[in-house]
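Order of writing sets the chain letters: A, B, C and D. Residues in each chain are counted from 1.
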Amino acid sequence: MDNTLFGYLNYAVYGTAVLVILIGLYGTMVKKSLLKVVIGLSVSDSGLNLLIVAIGYYKGGTAPIFSPGFLENFKSVSKMVDPVPQALVLTAIVIGFGVTAVALALVIRLYRHHGTLNIDEIKNLKW
Amino acid sequence: MEKVLLDILGAIVTFLVAFVVGMTYGGLNRKITARVQNRKGPPWYQNFIDAYKLSSKKSAIHHGVMHHLGPAFLMVTSVMTLLIVPVLSHNNWFPNLNFQGDLIFLLYIMTFGPLGMALGAGQTGNPNSAIGVTRGLSMMVGFEIPWVLALVALMIQYHTTSITGLMAVQAHSGTWLMFSSPFAFIAAVMALFGMFRYSPFDIVGAPTELASGPIAETGGKYLFVMMSSGSVFTFAKLTLYVDLFLGGADNLFILIIKTFALYLIPLLYSLVSPRYRTEQAIRWFWGWPSFFGLLAILQAIIF
Amino acid sequence: MEMIHIIFLIFLGGAVLTYFSGKISKVLQDIFFLASVLVPAYLFFAYVGAGREATLSLGGITLIWGVNHFSWLFSLIVLGLGSMAAIYAIGYMKGKKRKGYFYFNFILSIMAMMGILLSIDLISFFIFWEIMTWSSYLVTIYNGHDIQRIGIKYFVFSAIGAYAMLMAIVIVHHLTGSFLMSSMINFYPNMSLSMQIWIPVMFLLAFGVKAAMMPLHVWAPDAYSNAPMAYTSIFSGALSKMGIYGMVIVLVTMINQIPQGFWFREVIAWLGGITAAIGTLWAIKQDDAKKLLAYSSVAQLGYIITGIAIGTELGMLAGLFLAVMHALFKGTLFMVTGAIEKQTGTTNFNEVTGLIRKMPWTFIAALLSIIALAGIPPLGGFVGKWMLYESLITSNHYLLVIVIFFSSTAAFLYCYKFLFGFFLGQEEKEWAHVKEAPAVMVVPMLIMAVMMFVLGTFPGIILKPINSGLMDLGFVDSFKHLWESSVILNVWGNHVVLQPILYWIIGIFVFFMIFLTWKGFKTTRYVSTKDISSSGEVPADDENLTFSVGFMQPFMRAVAPAMRRQIDKYYNGIADGLESLFEFIRRIYTGNGQTYTIYVIVFVVIVLLFKNILF
Amino acid sequence: MVGTPVLFIAIPLLAAFLIPLLGMIWKELVRIVPGLVLTYLLILAVNLLVHVLAHGPVVEVIAGWVPPIGINLVFSVFSGFLVTLMIFLGLLVWAYSYRFKRNVDYEPALKYFLMLMMLITGSVGIVLTGDIFNMFVFIEITSISGYGLTAFYKGRDSAEASFKYVLLGSVASTFLLLAIMIIYSQLGTLNMADIANKIHLMNPTLKIVSYIFFVTALGIEAEIFPLNGWAPDAYAEAPGPVGAAFAGIVVKASVYAIIRYTFTIFDLSGAFNFLIIIGMITLIVAETAAIRQEKLKRMLAYSSIGQMGLVLVAFGFGTEEGVFAALFLMLNHAIIKSLLFFSGSYLVYNSKCKYIKEVNGMSKFLPVTSLLFALGAFAIVGLPPFAGFWSKLSVMTAAADSNMILIMVLVLMVSVVELVYYLRVVNRIYFFKKETAIEPKKPTFNALVVMIVLGVIILAIGFYPDVVTGVLHKASASLMDKSQYIHHVLSLRQ
């Protein structure tokens, strides 16, 4: 991390990602509507993905894509950003999507059952 | 074999003496009480007349086997107490079965009779009898405490649980235990009040309230046996006290003087005391008498 | 395959077989039941002598079982009383439901007790201890009456005790590297002072619970009175003795090795004394025979504890002799109560009365055991009491003597209450139909009553095994020197002192009995209990003259201040407090998903904040 | 070769996908196939475990990429033992629920078995995998199928329970990914053995932070106290066998993950004490919360949570004895708690609210089920001669050898609490009068067989613990031997 503008930008990316995660958690923890809770989860997922990609990135790297002539110019391999986080993010996105889908399905069922989306009123199971 | 026969003969003699003396004491009791109450009172031999009358009754009724045997239980206690307590020192006509450590035995055998009689009284089905028995047993728990405290004090102080041992101590030192262990003596005498069941501790057989309590249903020869047993027991207990605290007796005359002197204490106390309720009596025994008993133990431990 | 293995296998297989054979035939079940108690008992006494050992390796731990004279003595109690109670149980359980359940747990209890006695290592000791606990618990709740309170209370106390013991066992294992009891005892003097205090305390907790020692006794009255009487007779007679056994084998031998053990023994002895007094007082108050006997058991166990806690040879001898006697008379008394319950359907003194002419044999058994319990001379109880007093006096426990004597005198009150309540008093019409209990119930009671008489007359019969048992524990042979050193100074081993006295007692009794009975002297005549002097009039047949309510009221009034406080109430207070605390704890789970999320975040934040301390 | 670890993941996954297709051919296949698959896997697992016991761990490399770059599966004695246990339990759950919903509908059974297979796949994957991101994926598979199974019943409050599970599960996955990324950004590798090898190079603060995130994330699945809000609801609302599957399979996998991180990957000295603390808190809170429960399954759930707390405590001793005790506890817990869930759900089968008081007097109607429930209750509170006793004994021994006197006192006090609530239920079953009008439901034949098998196992372990202690000792030794694990995985590079 250098002190150039780009370096600060790098921090900014991390900061943004963390901020997004926190916003998502805030939504999950504070908002009373089930839908907003699910949105909060989704937002924090996105923030997380952002963070992961940011970690894998470094200055001046190219996309980790095989293209014709890639192998000839061997030097470009080192210029490539780390592909692993990106692969992970892909997986995480898929999983996050699945979870969100499940959550939304449950929200529908909860709404049908309780007639409300207020999480404070859905407390049949307690103690 | 011969010794056994002699023993039995001696026992019979002891029994007869005790019977006569005990009966006489009972008669004197009635007389003295009457005189104090400014009455003439029955003659001193009235008890013998009563006994004769009872024993000559044609038939007697009983309410079952325990009732039938109750007097026998009572008699066992009286006679055993009499036989274990040394009546006279060094006298062949008054053999005794005493042995080392007999004080504890005595404590227990003395409770055997009342319990047996209580069973008999219980079987009569007369509520008065049962009430009397519960009172009597409760009272027993009361006066046993100072009595045992006194005995334990003696056992500790003289390292023996035998009556003859304690008598030997007195003979050896020349002092009666009454003086060397005064607190034990006081506690024991106070316990004696309860044993005799004279006023103020006569609620057990309170004649006007319970129709004499445990003996309400007893008559004829049963009452005769009970009466003689009571007389023998009175004598045995007094002899025990004399042995323990007054140095024993060498001949019958001294024994009678000592026992009668001792007998006067509860007798005179009874004349001036109104009747206690049971719980009052129990608490009385657990009060000063037990305190003296504890003092006796303290004395025994310290000296 | 040692004989010990076979015995345990028979117990175990017999229990299972008995349980399932009930599905086929009730008679078969009874036969299996009797066989699985009596056959091992026979095998044990016939083929297993002192010094036999057997091992079993389980889970990397070698379990060792063996017999010495001391455990042989207690086996006598367990198997002897167990056999009697088993025979009795056949009659008692006839026509009752859950027979298989009862038999199963009965056999398992006896097996567990034998296991405890035979265990040489602590793990098998613990295993059998726990089996004993749960099998007895299962019988305790047999009636289904108020079990959530009574049963759970029993089990909680037992479990606290057992877990304390488990802790002690594993700590000992940590210290010595071995589960052997002997290595623990040998290592004990080398432990640090805190361990020297805590190990016995933890063991004491376990044994004290089973032996119903004072602050831990609150389960006993309920449990004893709630179990079927056929079981209670071994529950109180033998099972509680396991606590005594443990105290002797673990505590007395262990603590005697260090001088500070004096204080320990002192505390236990006093606890025993207080137990005796409290148990007696509460026994007098009871109106139900089961409860009365239960409290009386607590009191009697108090004497035994005091005796063994004194720790002198004479004290041990007294305690163990009383233990044997207690097994006999309390076993019989519970059987008597069971017989009456069986015949009349109730054990409340206020309801049942005047059975003496209907159940004479039961009465005789009851009478003899009561005489033994009260410690009145011709029967065995007296011998034990006497030795107890002697040992207390010689070891300078003067006040304790008074406490013990007080409770043993006050015991007459409940003894009388028991006999009067059931057998004496008015013979009401209501109970005119009552018959004597079947022979299978009466005979065991009478056998035990006879044993009591024999042991009272010839105490040496049982004192000799006790003595050799104590020698196995490292005590000196008391027959040689004990009597010289004690205050008693008699030669009891040869029965020269007590026997003439007893003959005298019997002679006098017989003489006066004949005197009273002899028709030639004066005739006697039986009249019914309605024919009494009642203010000069004869009461009518339907007039109820039974006196039983508030029976010992005068005495209870006298001791009322002592009984105002109940330990039970304090325990209940603690239990209620805990339950409310738990109720509060479970409200942490609010039911709101968001709260849970907040918990997660709070957890992370807290751990992050304290990470330097934690990691 | 006796089979490769990859089959344990591939086959159930494949089966899960094939089930709907096979269902189109013949509806009964939906029920049969999972059983066949699980039986096959069990045979495979036992075979492989025997092999591993003799020859040391088997390391499988996926797709030819050797570690540390590729993903590898490790079948050591430790993980192999857990896999075998899980598959065995899976088989029992299948057998128990074979006729599940049979008379009602085809659709629910399809979903049920599909999700069950996914659940087993995920859990087995967690245990076998040697790659932390791969573990994340498996955890998510497990969770999602768990969400589905929790929400299985319609019309009850199951959706609510499931939603709470989803909520916490998502938070868990957030933390898990964060932790993974911290490690990756520091060490540039995702392979467990490689991380373990290089862990000392890591920035200490970040190391601790990532460990905390791991424990938080996995703790949510493993039901550690402040993180386990979902668990009682999910257990209570999911079908009975699923409760058993949660207790026996999912939680085991999560605990495995925590243990793997603590013992093998991280070298934090305070981690063991941390495990003891959180385990202890979990144990105390859960058991005390259980005593006042009004619903049977909720009570079992709290009890299960408490047991897992005890497992963590035992692991936290950090000694081989402690690990042995913990493994023994896990085994017993898996078996006994399954039995309790199985029999318990028949005791309150037809009731709507599953109140404890509804089991009153059930022994008259369901004698065998009641007996087995009582057996399970006696076993789980650690009464000899049942299985639970030996694990309790080993925990105590391990604690004493680690000088954890206070822990012992607390654990035993909590055991008393546990005893009380189990006995209360058993008393109700046997000695109370039936009050409610709920029809008891006789257990089906296959359910009965499963319960009896479990009962027999409990008795067998109780009377002869040597049947399992040998394996457990080897398994604990293999967990403790960290360098051997690293060596086995990384030696494939050459």
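As a convention for this text, contacts are C-beta pairs under 8 Å (C-beta built on N, C-alpha and C of every residue); 3 or more make two chains touch, one makes a residue touch a chain.
Owing to the predicted nature of the structure, the values given are computational and were not obtained by experimental measurement.
Undergrad: Just list the two chains that share the greatest number of C-beta contact pairs.
TA: B-C
Undergrad: So, what's the distance in Å between the C-alpha centres of chain D and chain B?
TA: 79
Undergrad: Quick check: how many Å separate the C-alpha centres of chain B and chain C?
TA: The mean C-alpha positions of chain B and chain C differ by 36 Å.
Undergrad: Taking each chain's centre as the mean position of its Cα atoms, how many Å separate chain A from chain B?
TA: 101
Undergrad: Calculate how many whole Å lie between the centre of chain A and the centre of chain C, each centre taken as the average of the chain's C-alpha atoms.
TA: About 70 Å, centre to centre.
Undergrad: Which parts of chain A, given as residue numbers and ranges, touch two or more other chains?
TA: Residues 25, 28, 37, 122, 124-125, 127 of chain A each touch two or more of the other chains.
Undergrad: Which chain C residues reach two or more other chains?
TA: 586, 589, 591, 593-594, 597, 601
Undergrad: Check each residue of chain B and list the ones that touch at least two other chains.
TA: none
Undergrad: Following the definition at the start, I'd like every touching pair of chains, please.
TA: A-C, A-D, B-C, C-D
Undergrad: Given the complex with chain C, which residues does chain A contribute to the contact?
TA: Checking each residue of chain A against chain C gives 25, 28-30, 37, 119-120, 122-127.
Undergrad: Using the touch definition from the top, list the residues of chain D that touch chain C in their complex.
TA: Result: residues 163-164, 167-168, 171, 175, 205, 208-209, 211-213, 215-216, 220, 226-227, 229-230, 232-233, 268-271, 273-274, 277, 285, 288-293, 302, 378, 383-385, 389-390, 392-393, 396-397, 399-401, 403, 405, 408-409, 412-413, 415-417, 419-420, 423-424, 427, 430-432, 464-466, 469 of chain D touch chain C.
Undergrad: Could you please specify the touching residues of chain C with respect to chain D in the complex?
TA: For chain C paired with chain D, touching residues are 57-60, 123, 126-127, 130-131, 133-134, 137, 141, 144, 147-148, 151-152, 155-156, 159-160, 163-164, 166-167, 170-171, 173-174, 579, 581-583, 585-586, 588-589, 591, 593-597, 599-604, 607-608, 611, 614-615.
Undergrad: Show which residues of chain B lie in contact with chain C when the two form their complex.
TA: 55, 57-66, 68-69, 71-73, 75-76, 79-80, 83-84, 97, 99-101, 104-105, 107-109, 111-112, 115, 118-119, 122-127, 130-131, 133-135, 137-138, 140-142, 144-145, 148-149, 152, 155-156, 159-161, 211, 216-217, 220-222, 225, 277-279, 282-283, 286, 297, 300-301
Undergrad: Residue numbers of chain C touching chain B in their complex, please.
TA: Touch residues, chain C against chain B: 354, 356-357, 367, 374-377, 382, 385-386, 389-390, 393, 398-399, 401-402, 405-406, 409-410, 412-413, 415-416, 419-420, 423-427, 487-490, 497, 500-501, 504-505, 508-509, 512-513, 515-517, 521-534, 545-547, 551-555, 557-559.
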